[in-house]
């Protein structure tokens, strides 16, 4: 039954699976690895799964642009949760392999920059070949095709390997953001520390369109957390922007900004308002003066009185 | 009975009186000249008059800053009508006076720049002394204190003078805008060619405050027709701005801009939405794409659907 | 000899004279009261005087709009100094007059709001009539036409009067800003606490022109201290803006902003860069990061290197 | 000898090679396919090649993000030319294969969306597997691993295949932009139809940073043609933006905008000014009034005169 099934960007042993398992409800769901982000999301669209977990920002497993493009097109979907996972790699080998014995290594191409420095220092002569995913690399080590694979330490058990080295990473604070995506429904209630995601198309023939888009947010005091351009597939120069804003669609400042975007953009797609991972409501700053719901209500009341000659 | 009484910036024979008489209803009202703009408006405030006509822009009789300051402070008033009057002067003399016999001339100080060039050319040796109003100058000519006065041609009859020269003016297209002011009530219905007046106070300690104020209008596609700064009387550097915008408070783009101002400004005073003089609705350009009432309604509907997961 | 002559907005005994006497150099100049701001400035233009002191902001003697209009038009002039003078009034009477004996009072119309409350409380039955200047009012008291005049306490000696009451004022922190104006020359060197004055004309047919004007300053981090609109005399809807900005024309951020204005405006008039009165350099905040002269130089160097392929 | 060697994103038979061959100079250069964008660019960095051709926008061969990331980091490089290539696919098969005999197809994952609709219609039952590049797919068909590959028609000859179907594409006007990259040197002279590329880092802690960045361009009337965000690799929320602007670094408006970016951004990298492909100078609109080089020169002269008291 689909209501108990969650898909994710597989195969087994990916960081995406690890991220999914941090959700309490995962324990009571059937978790199904899918071959790609589109496959994971299509399962939701056609009712085979209740939700899908996919990477959306700064991934070391790829999939980010695929996720953005999939959410921007096709049957609408909505984001209900986000998960932040710190990313560090383990060097997985068949039991008994020593560092000296590693001549070939593999991993997802997107992971390569994260481990490049480590490789240069510790395995300068090892040959790198890319695999389709970090977990797939582990499988290929299990099958004897490579001596070692970079993957999450949690993948060792799945593939009968051992972690020869752990905690390998290049960038400081490397982490990936994942989102839990389902069919459109009413967003969860605001928590005080929320994020609103939207995709906005720009008029290609309008040089100042992005500036105008940003001003719709700025004038209502809504801060942006992510701005990610994507080609729309309609030729050079045509972009849409995936934008994450602080706040919840039910807040007046956010709602008014979204309506402003809706009016000036050829197309806007609301992707959801959901709690921010790892941020408590009291860690979120106050809205800029004049942009709280109370300020909006007071201004509405004043306008109504003005229209009645009672201001 | 006050309901039939209109005050105006006097004395009799001013351009303000001439402007007032262009209103059809003036024929059935008691028209009372007042000594100053504050006096004319106070008569409305305390119920002695139903309305007052006063100059508000580009006047050659002064009173503009007085009008702005009076509307910005004290008991609230509202503008219901505007009148545009082309301004040309006549040189009024006692019957029988010739140009050669004019050695002293008078007029309101604000009128002086309008007639300066004419004076230089035709009466280079005449001595100018200011009078309290153009009409007052006419009275002083009647009393024999001066040889000639600059005033509206219509003032000749009132003071038993004759117009020796007419159609004197300096600036091209010199005209003055007057407003009919009453106690606050529901504004007239929108005509499609309306003007909305408002006074907005700026935070003195905020260098970008005026820019933010203008952006509240710009982001909703509301064009400004007048921006007039006035000191607030609370010390150097404290300003309020009298702003006239195209459109009517009942239009969504105007209403949302006004609410935006209300939220970011320490104080806003709505002065009215009223038909533009001399402009037919079909002469007014269309609202910028995305700012019509229909666009606002569509965006509201979309927001509501998004909040329900049905967008 | 004109080089030793300074004119000012007279007559003798005005606040303007008092402001002028705060300048050390005034002691060695011939100080000549003039009948009006235009007269004071014309004396500079035609070489009869080296400089003129006139009120420019928040005056209780009028003249502010006259000053702005005179500086904006005609033969160019430049501001070299500013003087801030706190404004409090004394009630001047002929020796022997008591408060009970005051039935008529006079003063400049612009002073009236400053003393209105005091009058209501202490002389509720006294009749107010306006005089051409505060000092003129004092003269009329001397001549016996009125019982008392509101003027600066310093005017008592000039007119043989005595100050019955002193320190009368309404607004908190009432002060007037005066400027010393001369023929155009190289501005004084920057002090670190400077003000730059400029008049900028707006295209009447361009609704966003003021917003664009403000952005020329904002994008270079130049804060504005004064924005004063003035009709240009070319018909309703045509404005120029007198703008005071923090900083000196020789600072790069100020210079670049001025050039930006020059490019987008139909007309710009530079009125001078001069030390701020009453503000020490160490009381002035640092320029916004990225807008210091060092930042500009560094960026220029980087651009030059980029153009040479050496960045 | 490296001066005659150009690298490109290989293998042989890619669209990139086809784009490179459109350059007249390609006929006299040694053209070397490289395994990846970083490899192609590193050959330029270390002197093994004079230049490299790589895809930079809207590619159907991937490499776009790799190109942006490579240009943004590491040893600086510069863009000297751009090439636009319309993208249509051919279905390449071993000679003799018919459409009915195609059960497995391959191609680069980025090409898949371009051929998806065609596949659904004409080969609904064929199995798709991704290959490392379009040309690599052709090689795998040659080796018998798959029945057919999507690639450029020009790749048929290289791999001994024939084009069973040609002109397959999904998006209207699908084209890819490639750039010719070399070591930094003086940019080519402006042609009147130029493009300037730059990478700009944003302060992560500054919500309005992107708006400010765009205003640096807007205030100087410089239109943007491309805005592409890229994570900087320094953690969630850290972005740089690859921006292409109309115009040449030697134009004053472009130079001043670049200096503005340099001042407000933690880091800016100039990537070159070069002629636009397929656009003649007379097809490019005039600069916005007030932003031509003549306007800048006039404003500079005015500023100099103002500083001398001669404006």
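Assorted remarks:
Letters A, B, C and D mark the chains as written, and numbering starts fresh at 1 in each.
One rule holds for everything that comes next: a residue touches a chain if its C-beta (ideal position, glycine included) is under 8 Å from a C-beta of that chain, and two chains touch if they have at least 3 such contacts.
Here the structure is a predicted model, which is why all the values come from computation and not from measurement.
The set of chains touching chain A and also touching chain D is empty.
Contacts with chain A and chain B are shared by no chain at all. Computed centre separation for the pair chain B/chain D is 58 angstrom, with centres defined by C-alpha atoms. Separation between the centroids of chain B and chain C, computed from CA atoms only, is 26 Å.
Multi-chain contact residues, meaning those touching two or more other chains, occur in chain A at positions 215, 218. Here the chains touching each other pair up as A-B, A-D, B-C, C-D. Listing the residues of chain A that touch chain B in their complex gives 76, 78, 184-187, 212, 215-216, 218-220, 249-250, 255-256, 258-260, 262-264, 268-270, 289-291, 295-296, 298-300, 302-303, 306-311. On the chain D side of its complex with chain A, the touching residues are 57-58, 65, 84, 113, 170-175, 177, 207-208, 210-211, 214-215, 218, 223-229, 231, 233-237, 239.
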